[in-house]
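Before anything else, here's the structure in question.
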Amino acid sequence: MIPEISLQPSVGVRRRMLVERVIKGVLAAMAGVTVVTSVLIVVALVRPAISFFGDVNFLEFIGGVDWKPLFKPPHFGVWSIFVGSLWVGSIALVVAIPLGLGAAFFLSEYASPRVRSIVKPVLEVLAGIPTVVFGFFALNFVNPNLVAKLWPVGDVGTYSVLAAGLVTGIMILPTVASLAEDAMASVPDALRQGAYALGSNRREVSTSVVFPAALSGIVAAVVLAASRAIGETTIALLAAGSKAQLSGNPGEEGQTMAGFIGFAGIGDQATGSTGYQSIFAVGALLFVVTMLLNIASIRVVRRFREVYE
Amino acid sequence: METQDLEQNSTEQETKISDNVVLTATDLAVFYGDFRAVRDVNLEIRRGEITAFIGPSGCGKSTVLRCFNRMNDLIAGARVEGSVKYHGIDLYGDQADAGEVRRRIGMVFQRPNPFPKSIYDNVAYGPRVNGVRKKSELDAIVEKSLVGAALWDEVKDRLDASAMGISGGQQQRLCIARSIAIEPEILLMDEPCSALDPIATARIEDLMQEIKQQYTIVIVTHNMQQAGRVSDSTGFFTTEVNSESDRRTGVLVEFNSTQKIFSRPDDSRTEAYITGRFG
Amino acid sequence: MTSLPSLRAEKTPSRSAKDLVFRIFMFAGIGIALGSLATLLANVIIEGAPRLNLDLVTSMPSARPRRAGIQSAIFGSLWVVLTTAAISLPTGIGAAIYLEEFARRDRWYNRLIELNVQNLAAVPSVVFGILGLAFIKRGPLGLGSTVITASLVLSMLVLPTVVIVSREAIRAVPDSFRQGSLALGATKWETVRHQVLPNAFPGILTGTILSVSRALGESAPLLMLGALTFITFNPTGLDSQYTVLPIQIFSYISSAKQEFRPLAAASIVVLLAVLLALNAVAIFLRNKYQKRW
């Protein structure tokens, strides 16, 4: 009845399988581009950084507080710009954590679908504002109108670390809010209902059920936002100033690691000069710091996902 | 080519004894990672018959069904031991290509899953990917398949309408039409009526009787009455709990003519299930 | 008389106070976020109003604030963003298809690619500028400060985001479509081409518009690539020198002359208008094609 049965691919099918294999290869190569990018980043940073440390004592780099790599005589104490980054990052987190979490609680636990459908896109717009615009806002509005008038310690000049930090905080606020909201939304409703059934009100459910259950996702959101704040270049460049100094007063100007990279990059340093290489040394440090934060964030999220899946 | 000849010679005897047999499972076991989902499946599917798989949920009946057209390949970590032979050719051997297997052994799923395209394009999808390009040829196939699936009269005036807009029962018959458009020899049906109402179910059951001479059917069902109504042979699966690991593995308890399974089964577990004392 | 049970909310002073504090905490979050956005917009619009006219977009950048405009920056942004899209979209969508449809999760290299994409998406943008400085502007490729240099760097920058949003759109296509197609003997690629991509397309489009609009607003990596010079001509090709809106804005903001401030603000309004338009298109497409399967 059925002549000559074979499950061997016929000629037409064999051509389709060849097409299939070629396409799979091309697609895999495209995915490979992302790995190549990472490798290139590491190579780009490491090679000049190594020759930088051939010229500059490593202990001076990580121990010194005087950062004047483009001056004569140069000084390479990275500590002052590292602390500058910590200042901007910390101020930004002080702004973004409470405000972002407040917004996340509102959107996830309180807002009606209607209100949510209005507020959420507006937050997305805030998330899409270019950093150069935030930089302008910090320099042109926040620093003269808020920081200069309200900051109690010392005189505030054209630039301040505080203005850069505050506006960076506004920039990362939507990141915290939306990732924290995602974490809260993935808390099973059964947990909430269990608490409601015991007579808790909405606030108590939010703080004592949803918050602990979503905590790891919230931590991941905050860590990721911290990484973005520390790596932010343009706001720091425009609003924090370019004077690297170790100061305990955020009302003064200061420079961050990312800000220095941008500043030196604009200056068009001669290839191979120590000034040029210092870009890569600081870049390597910045890359390592942010990568540790990113990986920590990815880890926390992974573990958290397993809990409910 | 030589190896193929050898293969055919060695299976010649077996094929002669039961040349009605289209599919043979021997000591079949399926693993997901290191978890053995089902084991010791030995059965033969005969041409022109409807074979039903019944049993409690988790007994591996769907898993076995999905082995028959290599849909388990799509699950990462899934692995098959033992053999499934289609006319003597090992479905998992070097001689078999998964696409070719699925072309000959079609499948209808638990929930109707028409593509979000027109009714016409749904039926024409299989022939198209398998190389049919001529419009007149496609038209003929679409009509023949829809007639075969007893859907033609209901949709012939709106072949360009979206398949998402017809009823669930019609969608399931469309999926059957879509499968038979590439003229498979066997049609696997994985609980095809579980998402349908009784009237739509009855229509599918009638349809199965109409097409079983042309397409050998294997159906998984959770509905014992359905198996009794439509099938010629029945396999009863159940789960065994491993006392050490506390994991459940499916086993084929009994494979026999439907009449025998439902009147005087060989195994007491089958009897317990049939009479409703278990499962 | 026996006291009846009460079903009114139990209102202890401390519970009410905590509720109030929590409300204030939430509304501060939303209020300051929305308030900042409103203040920012008001600030640039008021500041930029005197310069918001046709001259702004028809004049070339200049060192003299009165005559300066942003024409070459608008054309530069167009060139750079379109080239970036042409490079990053096919690559990113291809990578997403590979990871979602072809890659086996149990292979270490596929897990490495996944982890790498997630990490790369969070690498500071200025680091991509360093990469471009070392390998593309100078070094092995040595392409100088040109449109193609900027586009290559921005492509690498947005690629991880394009991959992530495309994967989400692909993942949203129900598995039953894939199974139906494969069960008819279609190959994986045929299934992707005929079932997955058509259904994932609206989602991919929306996500990628938003990723590419990020390239439009990006400034830090381009600062590293020597884009901060007065360019008084529009690009004519991939090897042209260029400026883009964010860089031109940066240049006007950081100028010592205060007269450039209104110009910077007006240019910001133009940039934001373009970005908002892109956002609106993306949201419109999302709503138009939103499907329930």
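Should a chain be cited, it is by its letter among A, B and C, assigned in written order, with residues numbered from 1 in that chain.
Heads up, the rule we're going with is that contacts are C-beta pairs under 8 Å (C-beta built on N, C-alpha and C of every residue); 3 or more make two chains touch, one makes a residue touch a chain.
Fair warning: this is a prediction, and the values are worked out from it, not measured in the lab.
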Practice task
Taking the mean of all protein CA atoms as the centre, name the chain whose own CA mean is closest to it.
Solution key: C
Practice task
Work out the mean Cα position per chain and let me know which chain is farthest from chain A.
Solution key: B
Completion exercise
Whole-angstrom distance, CA centroid of chain A to CA centroid of chain B, is 51
Exercise for the section: Provide the C-alpha centroid distance between chain A and chain C, rounded to the nearest whole angstrom. Expected result: 14
Exercise for the section: Would you kindly tell me how far, in whole Å, the mean C-alpha position of chain C lies from that of chain B? Expected result: 48
Exercise for the section: Could you tell me which residues belong to chain C and also touch two or more other chains? Expected result: 187, 190
Handout entry: Contacts with two or more other chains, residues of chain B listed in rising order
Key = 99-100, 130
Handout entry: Residues within chain A bordering two or more other chains
Key = 16-17
Practice task
Quick one: which bits of chain A touch chain C in the complex? Just the residue numbers, please.
Solution key: 16-17, 19-20, 23-24, 26-28, 30-35, 37-38, 40-41, 44-45, 47-48, 98-107, 110, 119, 121-126, 128-137, 139-141, 170, 173-174, 177, 201, 203, 206-207, 224, 227-228, 230-234, 237-238, 258, 261-262, 265-266, 268, 271, 279-280, 283, 286-287, 290-291, 293-295, 297-298
Fill in the blank from the handout: The residues of chain B that touch chain C in their complex are 69, 71, 74, 76-77, 99-100, 102-103, 106-107, 109, 111, 113-116, 125-126, 129-130, 175, 178-179, 182
Practice task
Under the touch definition given earlier, write down the residues of chain C that touch chain A in their complex.
Solution key: 9, 15, 18-19, 22-23, 25-30, 32-34, 36-37, 39-40, 43-44, 47, 90-92, 94-95, 97-99, 102-103, 112-113, 115-120, 122-131, 133-135, 138, 156, 159-160, 163, 187-190, 210, 213-214, 216-220, 223-226, 228, 246, 249-250, 253-254, 261, 264-265, 268, 271-272, 275-276, 279, 283
Handout entry: chain B-facing residues of chain C, complex
Key = 104-106, 174, 176-187, 190, 194-195, 199, 291, 293
Fill in the blank from the handout: Seen from chain A, its contact residues with chain B in the complex are 2, 5-10, 12-13, 16-17
